[in-house]
Amino acid sequence: MTAADQTPGASLWRDAWRRLSRNRLAVASGVAFILVTLLCVVGPFVTSYTANHADLKSSYQPPSTNHWFGTDHLGRDLFVRTLSGGRISLAVGILATAVSLVIGVAWGSIAGYFGGRLDSVMMRFVDILYSLPFVIMVILLMVWFERNFLLLFAAIGLVEWLTMARIVRGQVVSLKNTEFVEAARALGYSRLRIIFRHLLPNVIGPVIIYATLTVPAVMLLEAVLSFLGLGVQAPMSSWGLLINEGAEKIDVYPWLLAFPAVFFSLTLFSLNFIGDGLRDALDPKSSKD
Amino acid sequence: MPLLEVDNLKTWFHTRDGVVRAVDGISFTLEKGQILGIVGESGSGKSVTVHSLMGLVPSPPGRLESGTAQFDGSDLLQSAQRELRTLRGKRIAMIFQDPMTSLNPYLRISEQLIEPLVIHEDASREAAMPRAIEMLEKVGIHDAAERVHSYPHEFSGGMRQRVMIAMALITNPEILIADEPTTALDVTVQAQILRLLKELQTDLGVSVIFITHDLGVVAEIADNIAVMFRGKIVEQGSVLSIFENPKHPYTKGLLACRPRLDSTFTILPTVADYLEIIETGDGETELLEKEPDLVQPEPEKKVVGENEESLLEVRDLSVHFPVHKSLWRGASESVKAVDGISFKIYKGHTLGLVGESGCGKTTTGRAILKLVEPTAGEIRFDRDYLQHLPPEAMLPYRKRMQIIFQDPYASLNARLTLEQTITEPMHVHGLAHSHAERRDRAVALLEEVGLEAAFLRRYPHEFSGGQRQRLCVARALALEPEFIVCDEAVSAMDVSVQAQVLNLLKELQSRRGLTYIFISHDLSVVKFMADTMAVMRAGKIVEHGESEAIYANPRDEYTQQLIEAIPRDSVESIRQRVG
Amino acid sequence: MKPLCCTLSLLFLAACSRPPTNVEAGLETQVLHFGNGAEPKSIDPHVGTSVGANNIISALLEGLMAEDPRTLDPVPGVAERMPEVSTDGRVYTFTIRKSAKWSNGDPVKPSDFEFSWHRMLNPELGARYAEFLYDIKNARRYNLGRKCDGGLWLFNTRKVQTAAHAAEWAKLSEPERNATFASLKPPEDSGAKPTCPFCKKNLEVPAWDDWKLADVGVRAHDANRTLVVTLENPNPLFLEKLNHYSYFPVHPPTIDRFNAHIRKDTKWTHNAGDYVGNGPFMLRNWAINARLETERNPHYWDRANVKLNGVYFYPIDKKDTEERAARAGFLHSTQSLPAHRLDFLTRKWPTHYKAEPYLGVYFYRFNVTEPPMDDARVRRAFSISVDREQLVKYVLRGGQEPAYGLSPGMGKFEAKARYKFDPAEAKRLLEEYIAEKGDAGRKLLENVELKYNTSEDHLKIAEAIQSMWKENLGVEVALLNEEWKVFMSTVEELDYQISRMGWIGDFRDPITFLDLWVTGGGNNNTGWSSAKYDDLIARARREPDLAKRFTIYNQCEDILAAEMPVLTIYFYRKHYLLHPTVKGWHPTVLDHHPLKHVYLKATD
Amino acid sequence: MGRYVVKRLLQAIPVLLVIATLTFFMVRLAPGGPFDEEKKVPKEIKERIEKHYGLDQPLWKQYLSYMGNLVQGDLGPSFKYAGWTVAELIGSSAPVSLMLGLLAMLIALSIGLPAGLIAALYKNSPVDYFAMSGAMIGICLPTFVMGPLLILGFSSGMGWFAPLGWYTWSDMVLPSLTLGLYYAAYVARLTRGGMLEVLSQDFIRTARAKGASERRVMLKHALKGGLLPVVAFIGPAFAGIISGSFIIETIFFIPGLGRFFVTSALNRDYTMVLGTVLFYALLIIVMNIIVDLVQAWLNPRTRLE
């Protein structure tokens, strides 16, 4: 080894970051995603219009100088509504993913590490949850959380964690009998310390990869719920809602669909490609070539 | 006219972190009907050499810089992929190291066997089948007709290697390249495969390039040898001349540092005693000869006091793993990994546990430390019985008993720095008061195992295999244990690194009065390390006693077979063979 | 690569062999393809309740009276001629046509009607629209009554008509009578049967045949093919009511065969052979959620004038899908249109686009039991601060009429505007209220909520009105959307301040709108009650003279306008697409288009 | 092998019972009942309707009677569609959804598989990026946008197809294309991942050493192993299509099963909700068994205990 210096070691995260930054597609997607998020946060302050200001006389106006994205059926400015809708869609996606992350990882690691009968009972429970009627659950959630839609989508996260739990469990089971875990047991580590010190840090890779793919999935789910009229409620708007309203009016007022759909697809595109890039960067096997 | 003449072959890998000169200008010739042994440690470029000849080097990172390889009038290195493909598997065949993964698990043996015939001779399935069965019998698989249609996972490691050989020789090629074919096999199976290869070579007259890191194997089979070190051939010649008077310091070091049955070293010489490596400028290295001063301390005879208590005593220990465990019916039958073994170890001694894979030696080591629940039997450690203790009660014994594993890459958590890996066990057991004091102890441990203090803030993936194993030793010592189980601690390492680690373990034993159980499948390594020895087979101990006595005249028939299977690499035996 | 090319070629092949569209084929086959909205719950006239059910049943069955396709005035249907009416206007005598036949050839007999109306009124069947038959004498008592040996207890009207217990009943005072009735009702979960307070016997639901001959005012005389109907009160508009499918006959032998007297879930309406009807068409095939096919009924008495060979009903519930189908020539007519396409269709498809007046009103309910809506001034302020003209012009864009009163104009009754858009007055009223209530009042006005059931159209109107209230009253009303069933239970439990509602009349008689608001009315749900209003409605029911009835109706409208339990917004307008080749189809306020008069002819 | 299937089905029964129980009580938590309608009716009449369907019984009695019938295979009557039983409704709509699912899966495979194979063959080349981002379009455009777009393009635009209905062969094209494109994206990504995983194994190197051409290596050696993840995805995805195609069914007016999954909940049609949920659960279990069988056939190492 060359003369050792005091600088801290190149942790796996730095290696992963270096590999990720070389993947042009992932970087471009990352930039696009950040741009869209920034635009959604900052955008609405740029124009004088507010999201809910209805001006009935100027409804269904095509994109023009004063209304950059045109107006909707109540004459509300689509530029502001698309961006503020974006905030909600992104918040929904991230929030539900966070909830699913926490529960999924906890559930998966416990089931994976303890194994045996506990494991099969916990995973059987996950199978059952998979087939419960989703629409009924959403209606119930809407009734219980009728005021606050954020809680509603945190609850949606309660449904999304199932796949995450399965992935984490699979990883933990495979890591459980690797030698460094056995060494930890030999050193007298307690079960919890083993889970949090040894197992979870090594499971973070696939968890992050799946998380970046859950965010778009939840955003799509929110859009489907809006289609059923169960999702975000007026006067708030979300990409799902806007796309829904626009989808049927393509041949009459195409811009109602165009702008939200572009933002929505761009976000999904970039998130999916970031997810792919992370998979190549974090997964040691694939970095071999 | 040599069958194959390779001249100034250079294959470099252009990776993102700079150019790796895997093969840096080597030349050698392969005579017809001869076996050329290419010996070198991991990373010496021996595999890349043959892969370059066959055009199997993945092109984006790897690139052929220069060199020619004349075979039957045409230069292999310049010929287009399509021409090379007509040669591969037809006139030059190849077999690989790990039989477990080298056969396609999804296809039947028969389909994979006849594939070379289908590709090169356009043979139909029916025409090719009888030749495949005949080939299988030739490589020593009896009742081949039935077994030909089964799948790879239904064969043992040795059987699969035989299938690989049959697959390679079915088109009776002119050259067979064997890339470490026996490395992953047990010593008895290795002996059979080597004998098979020898017979087939003389019988079919095929010339063989045999690549290995094990000098013993090469001594047993090769006619000529080429020794490779860091991409270059440092010495080439007939097997007898190389073994009798090696000229290059690296070769000398390599020959000396290997523990052998008849060697009487108490401290193994290492390559570093013979060779000094100086890094000059742009990645070039200067090799200087060093005069080894092999001062050998007197081997202190360990003697057991009359009424001295044994530190660890195991009586009738057995560990059974249930198979087909189902919710309702409970375990129906079980695998008896360890089936009633007993032994004693005295303080400061080393007990060698020897046996082939699957004999239960690893499970025994794990059971003693309660990493695996023993099914029956007693484990007494310094007057306390451990077998019934619940996990929490094991904590004080966790401090006094430790374990070192085989695979250095898997036994260190990649996400923790060295400092965290070593200091945390102290924190768990509350050994030191402050983090600073724990840090100082860690530094002392690193130096004791021969690593620099500055490495504390580094991560495991930045170190070589040998260094990582030293880290594992340091981690084990963090709790100042009295007893350490070394489970195949050196099996995964090259010979030169192996010697350094073995010397370290011996030094620590004498300095700290440690007691070892040394588990290994390599009898020569066990001979060097162990005072007393136990040979295990199918979960039982077949022979137990002083290691010297057992090596001198093994009583049990299986032990004899094991010792017999160790490749003969003394100069007399080579002279006898080559004549 | 192979699978990809063969899929594409398959697509192409399927495409270019495009068959003629339904509309193109319709000219020869004379088969009408009719968009019928949501799949009906049932097409048994005594069970079905939706508009979709009405369209199908009106094609398969025919009542005593039919309606003129242009004016909807009653014309003789199964009845040979207009009925003779007694001088006091309570007894109608119908004569059944000799040529009236069921689709299996059986003659239509007056007893069929008697059987059908009894089935409709039978308490055990529990038909939802039984109340439409309450014009007939004793129909209501029979439908809601319970009986014990001593006679009949009538739950709903707290009266008892019974010979045996009349004496004890007369002795009781009013509170005692209420207490008696309260005791009659079994505690909710006990499941026990109510017992008669006098003879302590269990009160039974009158069984099917107990009451056949009872005093329900319908008598059939098959011999001379006459049916005598006696009304509870004289009702000049009764003949119009007879055209509602709740009065249509069913084929008694079929009902016997399927034992469907008191069961709604029998299968007699599902298959071609079983559905015996007397209408211009008969059932050919019913693929649920896909298509209901009918074909010409060879035994129909007026088959000569029926021009269509069949009508196919399509249960397309998504408006956009239905509209697309009509434009693609898949349907001749749609049930409705998405609001956002009205502009486009008026411009691009003028020949197909139809916007006709429709007997319905769209309004918001106030929960008068909860402040601040308990104060009439606040309700009035909320009502007159809504600019209905702008709402109709810019949001609805469908030519709807703003509603300044509850009942829309129908037949001879015209709607009079009783209030107008006056934001200044509204502001004044609110300030007066706040001045009086002080901070509490202002606080109450800050969290007013408008609840509506999930739909893009309701949302659009709610958002528009929300912004009007914000501008004109400075009050920020929160909009809360609830899933359909949740919404209905919140409205029923008065768990709202303002809630959306729409009501479509079944007859051209304003009473269907006005009687909603009687005290304790099933559909009142505002908590508003006024004895004067209840009395007016009761008098209107008994008033034989149409003109006098209308004056009473106007008095009712005045009370509503004064107290404002409801905020009326606009009168419905029926928007739909109708292919120009459809002839004999006339705009009517009840959206009835008797299919026997419809035919398909190429537009030259 | 038959014994294995029977064993798996027997194991599924307790799961189905638990699901039925959970759903049974969950549905009743939602406010509003099956017979609330906009036009209210006098209380007595509503009571009689509920009595007819046994809804006036205490809940546990209803549960026992429902389970009693369920065990004998009777899913009970539908509250919304008078006279139709749940079994009939599912029976009439399931074949339509199965056909839609099959066609969509056929399209998904015929687009996804080649795209995935090509992307794996020319890894990290422009072809790879093109194939993958092309596949990505399927994921990023939700079905209720893809549907109207395809109608706008092929139906009202080119006039090739009817914009709705499920009566002739040509009606099936656009709906299955809309669904197929969405799943094609997943198939492509999984195939690429699976193939790359297998291509990095040692036996591929052995195959090349035998002189096998790249094509032979890809198709003969790598394909079987590479398809394992795709097979694992196809099973549950197919069940998902059957139950999840509500959107496609409303946009294209298809009398499929997906519609019932949503409307039964909205109508509080308790027996229909239970019927659809149990059908879906059974379908998932059957599909998983099929996936295991196919994987066992593909990968001899997985024993069917």
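Order as written gives the chain letters A, B, C and D; numbering starts at 1 within each chain.
Just so it is clear, contacts are C-beta pairs under 8 Å (C-beta built on N, C-alpha and C of every residue); 3 or more make two chains touch, one makes a residue touch a chain.
From a predicted model like this one, the values you see are computed outputs, not experimental measurements.
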Chain closest to the assembly centre - both centres taken as Cα means: D
Which of C-D and A-C has more C-beta pairs touching across its chains: C-D
Gap in Å, rounded to a whole number, between the CA centres of chain D and chain C: 39
Centre distance in Å when chain B and chain C are each reduced to the mean of their C-alpha atoms: 87
Centre-of-Cα separation between chain C and chain A, whole angstrom: 47
Centre-to-centre distance between chain D and chain A (centres being mean Cα positions), rounded to whole Å: 23
Shared-contact residues (touching 2 or more other chains) in chain A: 139, 143, 248, 289
Residue numbers of chain B (touch at least two other chains): none
Residues within chain D bordering two or more other chains: 30-31, 156, 266
Touch list for chain A against partner chain B, complex: 1, 4-12, 15, 22, 117, 120, 178-180, 182-189, 193, 197-198, 201-202, 289
Of chain B, residues touching chain D in the complex: 54, 56, 85-90, 93-94, 96, 98, 101-107, 115-116, 119-120, 151, 153, 164, 167, 324
List of chain C residues in touch with chain A within their complex: 320, 338-341, 343-344, 390-391, 394-395, 454-456, 459-460, 462-464, 466-467, 479-483, 486
Chain D to chain A touching residues, read off their complex: 15, 18-19, 22-23, 26-27, 29-31, 129, 132-133, 136-137, 139-142, 144-145, 147-149, 152, 156, 196, 200, 246-247, 261-262, 265-266, 273, 276-277, 280-281, 284
Residues of chain D that touch chain B when the two form their complex: 201-203, 205-213, 216, 220-221, 224-225, 298-301, 305
